[in-house]
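In structure tokens below, several structures.
Two complexes come next, and they have one chain in common, chain A, joined by chain B in the first and chain C in the second.
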Partner chain A sequence: MLQTEDILMTLRMFQDENCDVRTVTLGISLLDCAGPNIDVVCKKAQQKIRDLAGRLVELGRRTSERYGIPIVNYRVAVSPVSLWAAGHGAPGMIRVAKALDAVAREIGVDFVGGFSASVEKGTTDADQELIAALPEALGSTERVCGAVNVASSRAGINMDAILAVSRSLKALAERTADRDGFGCAKFVVFANMPDDNPFMAGATHGIGEPECVINIGVSGPGVVKRAVERLRSTEVHPTLGDIAEEIKCTAYRVTRIGELIGNELAGRLGVPFGIVDLSLAPTPRVGDSVGEILQMMGGRTGRCGGHDGGLGPPHRCG
Partner chain B sequence: MGTNAPEVPSEEYIITVMAKDRPGIIAAITRTLFEMGGNVTELSQTVMRGYFTIILSASLPPGWEPEEIKKRIEAAEPEMELSAYVRRYDPVPLFVPKETDQGAYILTVQGKDRPGIIAQVSTYLASQGINIEDFYAQAVGDRFTMVLQIRPEDPWTADHLRLDLEAICSELGINAYLLHQDIFHATSEVGAIRRLVRRPSRGD
Partner chain C sequence: MALLTDAVKKGGAFASSSVGGLSGAFIPVSEDAVLAKAAESGALSLEKLEAMTSVCSVGLDMIAVPGETPAETLAGLIADECAIGVMNHKTTACRLIPVPGKGPGDRAVFGGLFGEAPILPVRGGGEAFVRFGGRIPAPIHALRN
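Right after this comes the complex of A and B.
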């Protein structure tokens, strides 16, 4: 039986605390799209994305309507391009980026991630081509995001790759100078990149993932901050244990909402549900930063920020 | 409430009782019904501002007039000043909600208290053929909160209600929120999410 107090506490998360489903990301394996003809590779990739994600936005909106909860962004993450578009040179990589951009626009998703490579231990020809293609691939497209993993605890740091990536990054910034260098906001340089990652701009659909999977990102900072704030205003001297307990309960509520929306949408799309990310990434809104949570707990921080590029639509990126 | 009710002919009654709250009211009511050969089959009680109200369903041996049951309950403990109301149970419903797998929605209205909020919101819901399944409202100081459970037949109806209610409440200077009940189950209970999610056919 639902208790009024529980209803009001949950409602408060939406009403005052910026709680929403920030991202829905459909991960798609494109490894089966590799081939000797780049036109065919691009067409196969586009068709597979169309088939699997073509109704992502529409069914997402229906899910959002059903529950009365906004979903802010829709994204697609594909297998690292360096793995399935090898052998076609930098121009081939650029063609792939443009094909991904076109299909992303066609199906209405905000971003498509996966223009990426892992080079921490060494760089393949395809990786080099991808890095060389970065300025044009990300600079001439609107929705394509990319990432390169240049280091890992196990393999060390690939300094040659860092040099190559730096040059490309600089060229990308110059190329998109008229948009405040926005091309670089769609690119992440990683150390210890996870095998799979649904979070833009570094999203990829990694090896070890199923053919297709739905991942959900929910916003955390605002809700957690207000919970800590409330605790401090109602209890005279809350201990760190009290605060931890409050954050735990709040995180539970927020992630369960993500899990509910993710499961429902996965059911509608007929794909498995993957994970929920309680995002710590800030938005430009005041009160939506993890740094402010630390301040609320009594810590001191500089300018507040987050751990991971929580990439919103271009106009929201701050 | 008996789990081993004797299988003898019986008649069903719906009984409500109100009184100022104190210990022993339920005991007085149920003891009276038991002495009349009755069996309580469903019961719900609430206490508001020190006043107790109960509604219960009971089966009694045939022949008892509602007026006689009322008199006996009220006479059970005269100092309790019980006010009872008794009706024979009529199984034919006056309202049959449309079949839907949609689940219920929770409408929450909050803001500065003023007369007419409940009347306006409930009149609108009635005009849309929406039945209120559960209702709680309270004004603390000048802050008003009401929580209603309703059951729109599909998500489009829910969306339409949401927009209308937001507009109505905005004119009253208050806020309205309509969210699916599963959101609250997910955030307030421990059970697996999979139990809450329906499995529609692909492309639904």
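Right after this comes the complex of A and C.
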């Protein structure tokens, strides 16, 4: 039976504590778009994204309105570009990035991820071309995000690739110097890159994923902070175990919201539901900060650990 | 940070059998006003952020560094972060922004949800190691102490 307090708590999460579905990300395999003509490759990729994600924003808004749960961002993640745009050189990679940018704008998603490669054990010609194309591909587009996996626990750390990526990172910063190097904010270097991450800039539709899948990123740093705050104001002396328990219960509620939205939207789109990523992802808004949680757990000094590196002024003894 | 990340994972894993992705706590400096302020005041250093990434969900995220930082120094930072992920069998990542024409004491402004952050000083010194090149072998998967 529903308790009034539970209902009020859920309402409070959305209205006062910045709880939301941070991102709905549609993963799409574009491996079948590879071909010998780069114009055809770009057109096939755009058409497939249009067919599968064309109604993502519209259906997402309907789902959001039905449950009164805000969905902040709609995104698309595609198969690593180095796999399906190989054989066309760095200029071909740049054309693919521009094609992805255009179709993302057309269907109304804010980012499209997947300008990616995995080079942890070695680098193919296509991987090298993608890394070389990064400054122009990400610097000249608005909505394209990229990632390169340079290391893994199974393969080790590819230092040559790290240096090549670092040089491209510098060039990308220069290419977007008028915006304080903003292009680099759309690019992630990974170790052990996940295949199903819905958060940008690192979202990629990895190998082993289905043809098309909905992944959800929920977030609620504000909810967790307020939960810890309430605990501290109601308990005389909460222990760290009490705080952990409170965070656990809050994460449970937030995750259920993500699962509800994910299943509903997957049904409407006619694609499988993949995963809920329950990362606490902050925004610059007040009350939506992981740092605030650490401060709440650390008292006035706001330490983020048991010893050094507080988020506030140094603690004075005596 | 360890307590927070673990409690979030435990609560989420009980709520859904489809938990995936990164699932933990992000610490993107420019996107989190409190972290950005702490970095600006000197309370949060690049070194402490790196240490936090060993128990948070990702890594050195949205960190503005001087535009003049050499590629080899950036590569050293990235390699250190990779080592944390590779040796501990977890995902780590870097989103570093070398801001052209700016140095420590300046601010980088990205706008919107990307926020703004102080330029953090970066200590060099690992360039010779990076220039060796090649591949650091995968870690042993036994004798885990």
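We take it that the second predicted complex is superposed on the first by the 296 of 318 C-alpha atoms of A that agree within 3 Å, B and C clash if a C-alpha of one lies under 4 Å from a C-alpha of the other, contacts with A are read in each partner's own complex, and residues count from 1 in each chain.
The rule we apply is simple: contacts are C-beta pairs under 8 Å (C-beta built on N, C-alpha and C of every residue); 3 or more make two chains touch, one makes a residue touch a chain.
Quick caveat: nothing in here was measured; it's all calculated off a predicted structure.
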| item | value |
| --- | --- |
| Contacts of A:I69 with chain B and chain C, given as first, second, both or neither | first |
| Partner chain in contact with A:R55 - chain B first, chain C second, else both or neither | first |
| First, second, both or neither for A:G291, with chain B first and chain C second | second |
| Touching partner for A:S79 - first (chain B), second (chain C), both, neither | neither |
| First, second, both or neither for A:L8, with chain B first and chain C second | first |
| Which partner reaches more residues of chain A (counting touched residues only), chain B or chain C | C |
| Contacts of A:R256 with chain B and chain C, given as first, second, both or neither | both |
| Partner chain in contact with A:D160 - chain B first, chain C second, else both or neither | second |
| Footprint overlap on chain A, comparing chain B with chain C | 252-253, 256, 259 |
| Chain A residues touching chain C - in the complex, by the definition given at the top | 121-122, 147, 150-160, 162-163, 165-167, 169-170, 173-174, 177, 179-182, 184-185, 187-194, 196-199, 201-202, 215, 217, 224, 240, 243-245, 247-256, 258-259, 262, 273-286, 289-295, 297, 302, 304-305, 308-314 |
| Parts of chain C lying in touch with chain A, wherever the complex brings them together | 1, 3-4, 6-12, 14-16, 18-28, 30-38, 41, 43-45, 48, 51-52, 57-58, 62, 64, 67, 71-72, 74-75, 78-79, 81-87, 89-102, 108-110, 113-116, 130-139, 141 |
| Of chain B, residues touching chain A in the complex | 102, 105-106, 108, 110, 136, 145, 147, 155-156, 158-159, 162, 175, 177-188, 193-194, 196-200, 202-204 |
| Residue ranges of chain A in contact with chain B within the complex | 2-4, 6-11, 13-15, 55, 59, 62, 65-69, 252-253, 256-257, 259-260, 263-264, 267-270 |
